Amino acid sequence: MNDSRPLGIALIGTEFMGKAHSQAWRNVAAFWPEHPVAMKVLVGQQPEKTREAAARLGWAESGTDWASVINRSDVDIVDICTPGHLHAEIAIAALDAGKHVLTEKPLASTFSDAERMTRAAAAARAHGTRSMVGFNYRRIPALAGARAIVRSGRIGTVRHMRVSFLQDWLADDTTPMSWRLRKEIAGSGVLGDLGSHLVDQVHYLLGEPITTVSGHMRTMVPERPGPEGREAVTVDDAFWATGFTASGVGISLEASRMATGRKAELDIEIYGSTGGIRFGLQRLNELYVLESIGPQEDRGYRQVLFTEPQHPYAGRWWPPGHVLGWENTFTNQAADFLTAIAAGEDPRPSFEDALQVERVLAAIEKSSNSRGQQISVSLEG
Amino acid sequence: MNDSRPLGIALIGTEFMGKAHSQAWRNVAAFWPEHPVAMKVLVGQQPEKTREAAARLGWAESGTDWASVINRSDVDIVDICTPGHLHAEIAIAALDAGKHVLTEKPLASTFSDAERMTRAAAAARAHGTRSMVGFNYRRIPALAGARAIVRSGRIGTVRHMRVSFLQDWLADDTTPMSWRLRKEIAGSGVLGDLGSHLVDQVHYLLGEPITTVSGHMRTMVPERPGPEGREAVTVDDAFWATGFTASGVGISLEASRMATGRKAELDIEIYGSTGGIRFGLQRLNELYVLESIGPQEDRGYRQVLFTEPQHPYAGRWWPPGHVLGWENTFTNQAADFLTAIAAGEDPRPSFEDALQVERVLAAIEKSSNSRGQQISVSLEG
Amino acid sequence: MNDSRPLGIALIGTEFMGKAHSQAWRNVAAFWPEHPVAMKVLVGQQPEKTREAAARLGWAESGTDWASVINRSDVDIVDICTPGHLHAEIAIAALDAGKHVLTEKPLASTFSDAERMTRAAAAARAHGTRSMVGFNYRRIPALAGARAIVRSGRIGTVRHMRVSFLQDWLADDTTPMSWRLRKEIAGSGVLGDLGSHLVDQVHYLLGEPITTVSGHMRTMVPERPGPEGREAVTVDDAFWATGFTASGVGISLEASRMATGRKAELDIEIYGSTGGIRFGLQRLNELYVLESIGPQEDRGYRQVLFTEPQHPYAGRWWPPGHVLGWENTFTNQAADFLTAIAAGEDPRPSFEDALQVERVLAAIEKSSNSRGQQISVSLEG
Amino acid sequence: MNDSRPLGIALIGTEFMGKAHSQAWRNVAAFWPEHPVAMKVLVGQQPEKTREAAARLGWAESGTDWASVINRSDVDIVDICTPGHLHAEIAIAALDAGKHVLTEKPLASTFSDAERMTRAAAAARAHGTRSMVGFNYRRIPALAGARAIVRSGRIGTVRHMRVSFLQDWLADDTTPMSWRLRKEIAGSGVLGDLGSHLVDQVHYLLGEPITTVSGHMRTMVPERPGPEGREAVTVDDAFWATGFTASGVGISLEASRMATGRKAELDIEIYGSTGGIRFGLQRLNELYVLESIGPQEDRGYRQVLFTEPQHPYAGRWWPPGHVLGWENTFTNQAADFLTAIAAGEDPRPSFEDALQVERVLAAIEKSSNSRGQQISVSLEG
């Protein structure tokens, strides 16, 4: 790579996440001018549709052959936004080609793929090739700030954490069948899709992994209308779990796609011996913080708006009080990835981090299959 | 009993609950004038202290011998606010004496006591003697309204329910040891104290019992300073459980005495196929309700203030917008008890209802001792 | 008066406020046992209805002749809850008879009556006879706490204050005519009814009076259906004012009976040079406080639940987290009145304080009649 | 202009608003692909700084001579983000050159400039040249939705409206003097800066202009530290006004730069005869709506999240529940401008609309100089 030119980006995937990542690459240099990028090529399945998307989203070229793209000399970063079952092949090939890789979560659709990817990332790291997984909620200023507060000890020893992710797009039981509800294609349901964010946030915010879990998964609406009659839904649409970390923090995890009226609500609560933190995704600029400051009777959760220049990421954006949206997390994520590459450091969450999330999810599934029996999570390595 | 005179009340217990129940009896006739009562006698352990409390709280007399009091001909109702291990003996004797009995929750400190009490209540019922347990949160207008909404089908088929009760009076690990933290005296910790309210609300709001549970209990601070050095805390200070009802509703239950900054926060969420309900005890006049009315894009949880004359209990109190507090739930409860007695009907929650709550709590404890293994709850009878 | 017996109370007025004050007298000794009272007599207009109310509300006797009641030797306190145009005659007679007087707000229905009452109160004070006006919102723990915070300097120099009181019971323009909408009977509309609370809170919380005002009053629905056809509404149903205190605090005041969906919402905001305070009546246990503590970027309004024993009034009631309602403010008010009598001190708000509120309201009305021209408020004396 | 090529954009101004508008132009085609644009040239004062900004923000070229830029044949749209006193000269020249003009608010720094610009816009309109003013809050989905709700009659006849804009960047009286606090440079203080948004929202949401106003302006901190000692602040830092529309809607307006703890909080409340609307800028994805649907006792404000595909603008962005931020309003604004140009229609708010806002602000200032005397606002034409 040549330090004197912008890093060249190739993006594989044109759908929802492809659109979100495109916006990140299109805007990152306006706010992190020390990291110019060149949006080289967008790769999709259908030539015409991909060409149209590339033009619209700001890519110089389009293509349908990811294998050739990852070997282009003007491409430095491969960003993978495909369905999960394609992650492994592309990521491993790109790492082997010496490209830095950013991949969307979940890391892979099978545990063995995730392990292979993690090994490839470790091997590439030895050559200075970086890899990262797109758990974008780590890039919300308020949650990055929450992590700093926990680590600083300002809320004391953490004892409880509550995380939940509630959606409602399956609440209507006449909503038709889709590929996302078939296990053989989607890999998993709400546990993999939303539960992975929950587990990642626990690991991120507490700085220690979940070591035991006890869980229950359910499919509340077991059949849905398909083009040829009713079909079986083969993934979970809700799960509940209780976890504990090595240090003994008790954690409740819960997610659903049938929580009527909750569109995409990730709620987080952390209770420490001397304070607490609360967060909700629909008001993502706000963090509620309690600390043991002043007389006991004057204490309470205070609403901190994370738009001050001292807050993580916020100083790059707009003046205080001018709130960010969901999409900005992807730009922050791109910036963090570029910053790590420039600094020659390994960005987080690494493939190892994402694999550890998968281990916890696998343990929840195993527990659910054992009527809630508590299961130990294997630790990395 | 003579219909032409006010019912005579005897209250056993002078502490926190005794004070709350005294206020209920002192005020109920002002708002339910069709049910006049006479506050005959307050019974406590210490003569002088009980005499002072009786004068202060509005009782005509005081005494220390509950056994003689329950046989007085001018006493129609015996209200039991003693520590739980005394409930059984007093309640059974009072029922045998033909007195209507209101007892505070939990029903008893042992399961066998609870069963004996339930049998006594059933026997007394045959003679028109009424009995009820003081799960006062059933008397919050917003929760009584929530139950009506669920039963009416306005939120469709219920699929999820989330209940939690968070307190923080043990968050400080220098808070000293007390009798409430000793299992041999208190009977149980947070599971019995707060978990019983949670389970009762599930049964009350859904109208069907929890049939399986999987749970975990923990003592986060296992030792606390006592007068003679550090002592072992022998009850739980937090628990987590996942339950299911016969119809398949998935329920998360969680309670803690160490949720820093949450003083006494009972939160309830119910998600149905076409709507939802949310409630928080610190804002007990408010209920958040979502229904499938109007265009899909216009929907959202609406804040309903339960102070309108059409709302349960509210029409007896103040004009719209004039909010009630925690204490009013006890007056509402007294009114419901008096109304049932006058109507010759059995009030709810009955001793059987409370026994069923105990069965769920026992199953959670058993599950916790079996590393979360799911346990079936025995059903009444 | 004889120190060794409870003070005897006579209450004049049986309607809404009579019911609220009755509850205060019925309960005050349970929470302030150092101030026992005897509920001697309730006075109303109709003998039978008053007798029924007295029995229901806990009064020993009933009567219809206030003049004889205020001369009874067993009556120490006269509590006036009649319509405003009767306040002056009763209060002056009672003070002349040496009885302590608590009167509901507004002080009187005419300014000259208010002045006469204030002179009578000053004269009586010389003989140790106490008088107070029932601005009950001063007795909300959170607002008493807010006053303490302002006075302590914890939010710096106050610059802005916003007060509004929004109701909606006249929003429906088919709501029928009533005596409260006729100026000759009601004296005033929303300005006198709700505006008086707003001005009293400004004076109470800031500790200094409003000295200039500019205002506008409107009758949004000028006619309403009466028994014999449409009738003219002759009082205001909304007003807006901008005021300034002597020290230069800028204040917005606004009230309406037509703010659809707001039942009885008194909102208060105070902005100082280093902090701020926010309050809403529908969540009256909560105060939102910002202070300049810690790093600038960590600051925010914190929710303080005013149920701790150190908070004003709260220690007399229930444990932390057990919220109070609207009615408790009257019990707190009665306790403050009794405490002042026992201490031989003059309680606040005095008749002079209420007269000063009337002066501000009169200036707003005068300004409204002068197209908003700013008017100076005459100061007491 | 040639339909077959993207419209060429020139942006004059490189600071805060220049950055926000650049982002709009950089992203608009990704979400409105039917309106491709070419970011031709960024114009600033300092060559080097402008060159750097152009590169960073995505402009093809940079320049310092706006006069030559507006005559370039490849420029179709001139977007003016300079300080207000330069708006008139640039806008008039650009319109004369046949370029569509988008200018930031306020329209101009003097009333006569605003009138000249409006005349120029009217003349240009005859030739199909479009002009618009950047009141970006009109582009918040929730507020565009609020306007539709008001116009549909769903909240009945509007009677009250409350608008306030609270900031706190001047709360600290040691904050140093700046050019924005000098009237000769800034033109106005909080009235022009924040009050203009408030008045525009009233006109936009109600669809009718304010016709009378009564107001008060204040400079709370009259001196601030400058480089050579204390200097006089010559603009207002707070104002209060009461306005009425022709149909009689009563409106309170209030803004401050000294509301400690409120960063940039535009709050709006609208009360109609059958419903109401509430909005706060810090939670700009949410609208609170009350309508007369269902039984009276079940009503309440419901929280509508404006992220559904049917909501204004929202369908162009992300799936339901994925919230937008402040910056997205500028992209929405650019899209509206491009859509109007393509359709051959005049976009709103027009220069006439902005001039009418200025007339209201001028009347408030005149009223403030007349001790609050109510002033009639001259109507357009």
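Order as written gives the chain letters A, B, C and D; numbering starts at 1 within each chain.
We adopt the following convention: a residue touches a chain if its C-beta (ideal position, glycine included) is under 8 Å from a C-beta of that chain, and two chains touch if they have at least 3 such contacts.
Quick caveat: nothing in here was measured; it's all calculated off a predicted structure.
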Selected pair, greater C-beta contact count between A-C and A-B: A-B
Farthest-lying chain, centroid of Cα atoms versus that of chain B: D
Length of the line joining the C-alpha centres of chain A and chain B, rounded to whole Å: 42
Rounded Å distance, chain A centre to chain D centre (Cα mean): 36
Where chain A and chain C are represented by their mean Cα positions, the distance between them in whole Å: 54
Multi-chain contact sites of chain A, meaning residues that touch two or more partners: 262, 290, 299-301, 305
Of all residues in chain D, those that touch chain A in their complex: 16, 19-20, 22-23, 26-27, 29-30, 33, 52, 55-58, 167, 169, 262-265, 281-286, 305, 307, 317-328
Complex contacts: residues of chain D adjacent to chain C: 155-156, 159-160, 162, 164, 166, 168, 171-173, 214, 216, 218, 220, 238, 240, 242, 248, 250, 252, 254, 256, 258-262, 269, 271-276, 290, 299-301, 367, 371-374
Residues of chain B defined as touching chain D within the complex: 289-291, 293-305, 308-311
